[in-house]
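The two complexes that follow have chain A in common; it is paired with chain B in the first and with chain C in the second.
Here is the complex of A and B:
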């Protein structure tokens, strides 16, 4: 190797990032674990607490107290965690003392992935054999439709984490195709446990939203509340049943609070959509924003409150009409080098 | 230890491999059936018995001799604790070959062969890898009907090869070719059964001899 004589200090510093991931031996990880445990006891003594019952949360609090840091990125702050969480899991040496590899598919290069394919194919053959047995005994073959809408397959990254080795796109798509073929068979219920390892539950969006039941005030009138926002305006609306269609905003009638017709139309839109104009009356409070923003916020709040009075189908209609969605549009920031958020300065040819 | 290794070499058939199969077994498993006359490879002509209705028939007497030599060799390799790698690129029998390898305690490779597996092993796997001591081909062709790359690589790395060659295969670089059918499931199951039994027999004999030596 050549030794450079006239160099800068930058060249003499070792480029740790480019040398590739460090190989962690078993002995190294063991030493790290011992040092961690010892350090944990020292920390407990320093904080005046019992070393035996010092949990990870106590460690985090102690470190945050002893080394306060104003850095924004949480990952850059001082960290003291168990070495198994800090050092990523690595593949150990794959062969024994005599040189014979441990896994029977070692010489393929991608042993975990191919052994997974082998196992899945074995389950597939099992299910087919079971199916053939049922047909020879003339028993009816069950055909229960698995709920495909509520679950998704593992993503490529999750599969890589599971197998601890690189998986290419083609390999991943082949694996998913094989799983789909397995699930498509009528008697796939036998291998349900195996398939569940590779599928994840998807919480259906609509089920998350809970429609509150109607409340009743002292006079026995049913009412419900809703909250809404638009730009910087925040509104709360209380919609009463058995009313005459009167709407009050911040203690003022809408005719006086919203002189412009457009804002009053926005307020009445949910009631007009459901055909309940003269039935309900509403009391709302609103703050922040401008004229249109406050109108939009009250519209959303009243639509949310009306959900309790109405059937599920009509709630779905409201959702599709866009009455229940928060309008995400906010004022875009001005950028340097431009006059506004989009408008550029006048371009002069010379 | 020296005696353990040199004793089997003095007998012509130490592991009595001839008892494992008969000509009738080979015939029943349809090993003699080859491809059509147009697919015939020039170097397979010595092994072909004849041609009936355009289909080549492989000479089972020659197959018997070659198979006996091949099984004897695999048994000796397994006796000395060598690594045996089963290779086959046929999708129908991939699962069968892998299960056979697992049952013997040996290794299998029935998937896409990456270029530098044998020739570039120290970089692909890591320093200090042990390469296989024997490659067993249950089908010498790959998915595009060309000779498998592993035959050439094994010849480059001085690794002996045992291979089942069909009438459209090239038996040139294989050390112990076994002319026979590689397309029907019955024939493949027969080969897998034979290899499995020889390897298990050889390993059992090794364990017995070691136990006998330790007792002395």
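Here is the complex of A and C:
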């Protein structure tokens, strides 16, 4: 069984739109939209603000003010949003008054999926024909490699939302395989627009974190702080410039606080990686966790603090060395019916 | 549409098409890549890299990267093979003891080799290897089997079929044999570091019980050559 622990919000969101035939008529939705707009103007008047420039954030604030709720689940609190966000987009009725369906693939059960596959394959054949034409005319075939690292394909949920019907895992993987085959052809640039409908840009750099500037204390020495955590340990580190390489933890020298060599190696890891061992001085506080967790927490805190002392390229190298990521591994819970998190009870035949 | 969180962004679904449901899972999102700890690989200039490595670099720039584990460090003293061996020697999570045993073993090897070095005549001094890490790596390489046996049941009978091994498996078998050899076939009074250093030095010179075990395995595979066609992968 698959236990999705590392889920994204995209996976957790259920696609309600594809779950069944139409539940709300068009007239009903139109009426809801009119009522929403009217209600928005009333609300603006009540709050004493201008009805024309009343945004969704203002609506949320007004509702939270007028109907304060102590409920824990955010989805249970009073809500006032545009009807298109509340009532998900659904497929309109697929057949006419005489009972005949509109789409020629209706009786396959997955009409939008199969029509999409047909379209994509048509484009594929087009590209092949174009390629053949170029070879018969003896023109050079373009071989520009598309940058695959900067984009990703649509997720299954996004595809379901686009097609407004359920897509199974197998179908989804077949569709992605077809797209990949299409992209792999040399003359695929012709169908670039079509392919872009199904791919999304990945943020080019994962350096979304802002590097704080250096601070200076009373004596004029530059320093910077960083926070780190690992399992249950939390640490804060202050790295000073112009030091001799002394490291103090909770007021105690590291030789006394961490008698084990492995922990001291971990503390010095960021400094050794950047080649700045004798230059910086460090004072840290740490609490919680065990011996190794505290060492890991201080390592993360010192790496974060060192970001302000170092060029952007070196920050990127540190990130690729795994120094700046929070380690998400925690102790796995014990399950009922088992002795520990994985160990089962001794099996007895009788 | 709700914006996906930073941790879930950029999932290259080529790696996560859920055809086979995995039983082992990890706390990391499947899009996270392994960290590269060595300093030299980051400081190489662009021209020296091949096409593949350039693509890898671009991919690394966009995807998130896992945190480096506590046994890995960029210092010259951390060696992935030695850490793996230490972990295999460890009992009940006592890494401190395992690590100290390992360092005592390396020290013992160095002492023995230095003794030999100082006793040897001038012309042989260059052939004696004193670096314990080199001895360890060479001994492991000498112990690695080339071909392994696997149990395949056909027609009610189980046959031992010769099967090619992956590099990881070879390494693992060599380390396992060394450790079991040192734990079982020793005198009650000898300590682990001493016995291990003896075994490593013997393996370095292609002698000793571990090498014998490897040869036995090779002979069995050669003897069962007839069943090799039972393998279907």
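The rule is short, and it goes like this: the second predicted complex is superposed on the first by the 177 of 350 C-alpha atoms of A that agree within 3 Å, B and C clash if a C-alpha of one lies under 4 Å from a C-alpha of the other, contacts with A are read in each partner's own complex, and residues count from 1 in each chain.
One rule holds for everything that comes next: a residue touches a chain if its C-beta (ideal position, glycine included) is under 8 Å from a C-beta of that chain, and two chains touch if they have at least 3 such contacts.
It should be emphasised that the depicted structure is a prediction, and the values quoted were computed from it without experimental measurement.
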Chain B versus chain C as contact partner of A:214, first or second or both or neither: neither
Partner chain(s) touched by A:173 [first = chain B, second = chain C, both, neither]: second
First, second, both or neither for A:122, with chain B first and chain C second: first
Which superposed partner A:265 touches (first chain B, second chain C, both, neither): second
Partner chain(s) touched by A:322 [first = chain B, second = chain C, both, neither]: second
Comparison of chain B and chain C by chain A residues contacted: C
First (chain B), second (chain C), both or neither touched by A:164: neither
Chain B residues within the chain A interface of the complex: 81, 83, 85, 95, 98, 101-102, 105-109, 111, 114, 117, 124-126, 128-130, 132
Contact set on chain A toward chain B in their complex: 93-95, 98-101, 104-110, 114, 118, 121-122, 125
Chain C partner contacts - residues on chain A that touch it in the complex: 1-11, 13, 147-150, 152-153, 155-156, 161, 169-170, 172-173, 176, 180, 202-206, 208, 260-262, 265-266, 268-269, 272-273, 275, 292, 295-296, 300, 316-317, 319-323, 325-330
Complex interface listing, chain C residues touching chain A: 1-2, 4-14, 17-19, 21-23, 25-30, 35-37, 39, 42, 55, 58-68, 70-71, 73-75, 77-78, 95-96, 99
